[in-house]
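Heads up, the next two complexes both have subunit A, just with different partners, subunit B and then subunit C.
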Partner chain A sequence: MRLFRFELRKLFLRAPVFAALAVFTVLDLAKIRAVADDASLLRTDEVWARVCREQYGNYSGEITLDKIDALLDLYKPLEWITNDITATTRSDVEGTLTGNYYSDRNLLERYFVSPMRRFYNCRGDAETVVRLARENEALYTRLGCSYEARMNAAVARIYSGRAVTEFRYTEGYRLLLTYDFSAVLALLILLYALCQTFARDRECRMDELMLATPGGGSSSILAKLAAATVFTLAVPLWFSTVDYLGFGLVLNLSEANGLPVYAEGTMSAASVGMTLLGFYAVSALTRALGFWALGMVFLLISEAGRHALLPFAAGAGVFLLCTAAGVRWGYSSEALLKAANPYCVIINRLLFGRTEFINVLGVPVLTWQAAIVMSALLGLTAAALALFLGGKNNIRKGVLA
Partner chain B sequence: MEIKFENISKSYRRRYALRDFSATLGDGVCGLLGANGAGKTTLISILVGLNRPDSGRITVDGADVKTLGREFLAKIGYLPQYPEFYRNFTVADFLDYMSALKGIPAAEGRRRADELLKIVNLSDAKEKKIGALSGGMRQRVGIAQAMLSDPAILILDEPTAGLDPQERIRFRNLISRFSKDRTVLLATHIVSDVEFIANEVVILKEGRLICKDSPRVLERGCAGLVWTVTLPEDADLAPFDRSIISNMQRGENGVMLRIVSRAKPHPGAVPAEPNLEDVFLAHFGEAGL
Partner chain C sequence: MTLLHFEIRKMLRTNRGAVIAALFLAAELLLCALTDFPANSDAELYREQYLHYLEQVDGAWTREKADYLEREAARGADERYAEGLDVIYEQYRYVNEGRENRFFLDANGWASLLRDRALDLPLAAAIILLSVPVYCGEAASGMESLVLTSRNGRRLFLLQKTALTLAATAALSLSTDLIRLAFCAAKYGLPHSDYPMQSVEAFGGAEKALTLAGAEALAATLRLLGALELAAVTLCISAYCRRFALAAFLSSAVAVLPWIGLGQKTQYALPLPSSLMMPVGFLRGSEYAADAASGGTVTVFREATAAQTAAVSLGAALVIAVCLLLLRRRYGGAIGGGRGALPKAAALGLALCLLLGGCGDAEPPEDVIYNSRDSAAYEYGGLTVTSENGRPVVRDGDGNVTALPLDPLAPVDGAVYIEPFFARGRYVYFRREFSESVGWSLADDSGKTYVASLLRVDLDTFKTEVVFETVTQPRSSE
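Presenting the complex of A and B:
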């Protein structure tokens, strides 16, 4: 425990690490602002922002037929007069929301009509999926294809009972869930800090002094692994928190916290059904796990080099490979190649956002579940290798002696 | 405590760094003398387990260190050659860390550290960063670190490197004090470090043990090899090319030379009392005698 505290101090509780963390946090917040300004008209157009606020007052909350009717009464006429471009283009028209018919139509369509339609259709779509899955299940059972039958049963189970009953503003969540910049920042910090794990001791020749003490061998490596674990989990979780607070600050997130995750358009085929806030937490934890697994690999690499530069380059190389593989297969349906790649565990909407299965001895396993297990295995393997290959004193009996 | 080296050999790329080294060390200070590259560090790193010998074994009180393992490491205090330690640690934190590595409970470790810092005259530097210490101060932190666990065996690799003369003397007295009921193995190429405090001196040359005895016995072994002669200021020194001049001192009546040589180097030379430095030179000077 004391060794663990010292390793933590030696490696991570250092001024350069904190400085990097501070700078990157500021950078992250700036980027969030830029992303929000770029994507959301509510950030850049004051009139839209005001009108949206007013209209959300009318529609947000439980979805009722009255609300839908009222919205369509407002929207349909606008659609007619703008479709044939007969409406005036003047921007000070009495009785409009924003002063212009086209603008009104776009605003309503983007922030109200299409989300409302998506929310409303969700139940029916899910029911269709469940019905088809049940039919498939029956068919495959008859044909004796037990894996396919099980897979369809799983789909039916996942999609049954899906419905969005409330209308909420979800744009903030869409941006939050597709935001990856902070992952790059977290990665850079981890690379920088982890590559020094062993190199630092070597550079000041402490490795020799340590090895000549009873606690300098495997106990120290274990302490390093534990300290690195805390660090590799803490940094991504920190950035996930900053991301949430950052987007929460520039856009409204809390409004949609309680909606089911599939209410957000990019997650409509999600294989999980928790709330958006719950999903964000799960996603952040999964991301942290992915970073931990990568971190353990970095640590293993860092045992090799006397100076920190080589492990840094090698670590960056490993990550680039993962990224290349992630970009190549992350959006395909090669479920196994996705699940096995730490990149996809970090950018995990690629896994959670689709209902895909991997055949494990005839049992359909969701890709995200498989990915979590594989990441954990990868991390543990790397950690075990680091422990076994790590500096040993020749007069020690056995590895763990 | 008796440390026994049995036929230790170690070579790097077919060159021997240590060759068939056998010796037994008892309590007290053992000076390990040798020129640069003689194999002192190699021997020590094998003893503390940082290096694997090609052949041979080491026993402590009859037990192979390999079977003692961690138990043996708990008994030793080790100061490596050229230590740097962590520059951003304070002295107190560093000693705290070392006591954690040595498995000494925190409170006891701190108490020991305070005691030792007083002994090595560093109480004032306790909260200083190691990076801000002078080389000699860092060396003293190194000694304190090695003594933390009150080890039965103290192993110091060139501990006086970088110390000023005053510190050197203080240090010598310190070792002398620490050597009570302890085996101290002190590697150095500076003869005066061990001349008066070593119970025994082992001289290593090109990885081989040349001789091992108490300094006085070694000195007696060189009787008849040391001469002094006083020559006029402008004397030709060419005749002494084949012998080793261990000292040259200019005085009022010319140059006083101290020479290590088998034969009488000059008609006017008179025999002198050998000291340990002469012994060292006799073995290492030029090609040795």
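Presenting the complex of A and C:
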């Protein structure tokens, strides 16, 4: 325990690391602001923001047919006169919300009609999915394809009972769930801190000295691994928290906290059914796990380098390889290549956001489940290798403690 | 051996500069080979037919050429040149929009050469790996303090080290250009370098009056400036930080973060190494998109004017000058020998697989027996496949009806199945398309990703598998 605290202080609780964290946090917040300004018209257009606030009161909360009818009564005539472009383009028209027909149409479409349609259709779509999956299950059972039958049974189980009953503002969550910049920031900090774990000792010849002490050798490596684990989990979680608070500050997140995750458009085929807030927490933890697995690989590389430059470059190279593979296969149907890639565990919306299975000995396993297991295995293997390959001292352990 | 020889040997051997450079060149070549694709694939596919027409109209727009093409299009080409006529007519329509500076030209080579690429990561990595050990190596080995007391450990060493690093950087940057030039010339040919750059479709909206050769020369110059700026900043950082890890971390942040973090609009207004190393952005014309709030258009990208480009270049030169002055201040002109660091350049090889292009090599069926557009039904082993509402439907002798594909998730995941579908032997083939409105990239997540798949259903078991797939990423996500 003492060794662990000492390594933690020596490697990670240092001024440059904290300075980098502070600067990157500020950069992250600035980027969040820029992303929100870029994507949300409520941030840049005062009229839109005011009108949306006013209208939101009419439609938020439980979805009822009355609300839908009221919304369509407002929207249909606008759609009618703007579709054939006969409406005036003047921007001071009486009786409109924003002063302009086209602007009204776009606003209603973007912030009310299309989310309302999505929420409302959710139940019917899910019921269709369940029905199709049950039919397929019966067909495959008849044809004797047991894996396909099980897979369809799993789909039916996942999708049964899905429905969105409330209308909420979800734009903030859409931006939050697709925001990746902080992952790069976390990666750079981890690379910087981890690449010197072993190289620092080597640079000042501490490694030879340590081999001659009871606390050296594998027990000091173990302490390093434990300290690195704490650090690699803490940094991504810190950035995930900053992201949540940052987006919460510039856009309203709390409204949609309780909606199910599949209410968000990009997650409509999600294989999980928790609330958006709960999903964000799970996603952040999974991201931290992905970083931990990569971090252990960085550590293993760091053991081989005389100076910190090689581990840094090699670590960046490993991440780039994972990124290239993620870009190549992230969208494809190669579920295994997706799940085995730490990059996809870090940027994990395509694992959670799709209902895809991997065939493990005839049992359908969801990609995100397989990915979590594989990441954990990768991290543990790298850590075990680092421990095994690291310097051994032949002084009996436990003397000092 | 003179001191300069020692310095060169240290850079190339002790610091593994030669290995880094070799890996860098290999990475650049591989990147070219793996990621290059023809801008106009039809012109490449029907090259002979296309060239047949191009020969007649090559060069600037004239009334005769326009009449000739209109006549040919109205007449309908003979069988042999039909595809070529389509290609040249497309080009004619493009040229017609800006007759004074859009020329008829086989533009694929130039389009590839001047393509808007992502940040050249192998180049950035090579520069950082070469520059970081120059001063960090001296500090790490403790040679720094020793050299300060020696006779030649003054200005001469600072000068030699810095000049050598900058020269190596310049060589790397210029070799990138040479590799790309050679690659595009060999693959497509680079004809008529004196035509205006607007002849290439990507620059159709640009205001600048540059020839194709001039555009490439400007791009190369800007890239060189950006590379030198990155090297100078890295040298300066490493001289002040003295630690490998911190120097590598900070210079990577300088190289990469502005590229990922800043939008297109701001990037090209600032003298950043990353924006200068992606010089095509300084050549492109303005781009517009529809504005949801007003129904009008908004500027997505504003063309960098000549003055802006000059100001950015000047800014970069200023940054280089400040870095050099800071270096001088740091050492007072004193730095010398020492063993230096050992950057295991093998690491750079990992960056080489940065972009894996291409796609699977599964073959689509050769001789399709059934095409849902041409024939009404397909029979296989007692099963009848027909097309109903654009979907294949299978009926067996017992009256069981199964609509294909057996994809329960179609209502929620936005998959679109496209007619016609095909059948051959016991397989039915479909096309499926996905489009994801949110980019998969770490950079600007705008635009859409398209996934097109060819699926195959086995009529014996109704198992579905993907036999071929392509993923198209939005431009910014490379």
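Odds and ends about this structure:
Just so we're on the same page, the second predicted complex is superposed on the first by the 393 of 401 C-alpha atoms of A that agree within 3 Å, B and C clash if a C-alpha of one lies under 4 Å from a C-alpha of the other, contacts with A are read in each partner's own complex, and residues count from 1 in each chain.
Just so we're on the same page, a contact is a pair of C-beta atoms (placed from the backbone, for glycine too) under 8 Å apart; a residue touches a chain by one contact, two chains touch by 3 or more.
Just so it is clear, the structure is predicted and the values come from calculations on it, not from any experiment.
When both complexes are superposed on subunit A, subunit B and subunit C sit side by side without a clash. Looking at the shared chain after the overlay, A:L377 reaches neither subunit B nor subunit C. In the superposition on chain A, A:L209 makes contact with subunit B only, not with subunit C. When the two structures are aligned on the shared chain, A:V363 is found in touch with neither subunit B nor subunit C. In the superposed model, A:A19 makes contact with neither subunit B nor subunit C.
After overlaying the two complexes on the shared chain, residue contacts for A:A70 are found with neither subunit B nor subunit C.
When the two structures are aligned on the shared chain, A:R354 is found in touch with subunit C, with no touch to subunit B.
Here subunit B and subunit C are compared by how many residues of subunit A each touches, and C touches more. In the superposition on chain A, contact is made by A:D180 with subunit C only, not with subunit B. Closest contact between subunit B and subunit C, by C-alpha atoms in the overlaid model: 11 Å. Overlap of the subunit B and subunit C interfaces on subunit A comprises residues 200.
Within the complex, the subunit B residues that touch subunit A are 45, 48-52, 65-70, 72-74, 76, 78, 80, 82-89, 96-98, 100-103, 106, 145.
Subunit A meets subunit B in the complex at residues 2-3, 6, 10, 14, 200, 204-206, 208-216, 220, 393-397, 401. Interface residues of subunit C facing subunit A in the complex, by the touch rule stated above, are 121, 125, 128-129, 132-133, 136, 140, 243-246, 248-249, 252-253, 256-257, 260-261, 263, 292-295, 341-344, 346-351, 353-356, 402, 406-414, 434, 436-438, 440-442, 445, 449, 451, 453, 460-463, 466, 469, 471, 473, 477. Considering their complex, residues 16, 20, 27, 31, 34, 38, 41, 44-45, 47-48, 89, 91, 98, 100, 102-103, 106-107, 110, 125-126, 128-130, 132-133, 136, 139-140, 143-145, 148, 152, 155-156, 159, 174, 178, 180-181, 183-185, 188-189, 191-192, 195-196, 199-200, 203, 262, 265-266, 268-269, 304-310, 312-314, 316-318, 320-321, 323-328, 330-333, 347, 350, 354-355 of subunit A touch subunit C.
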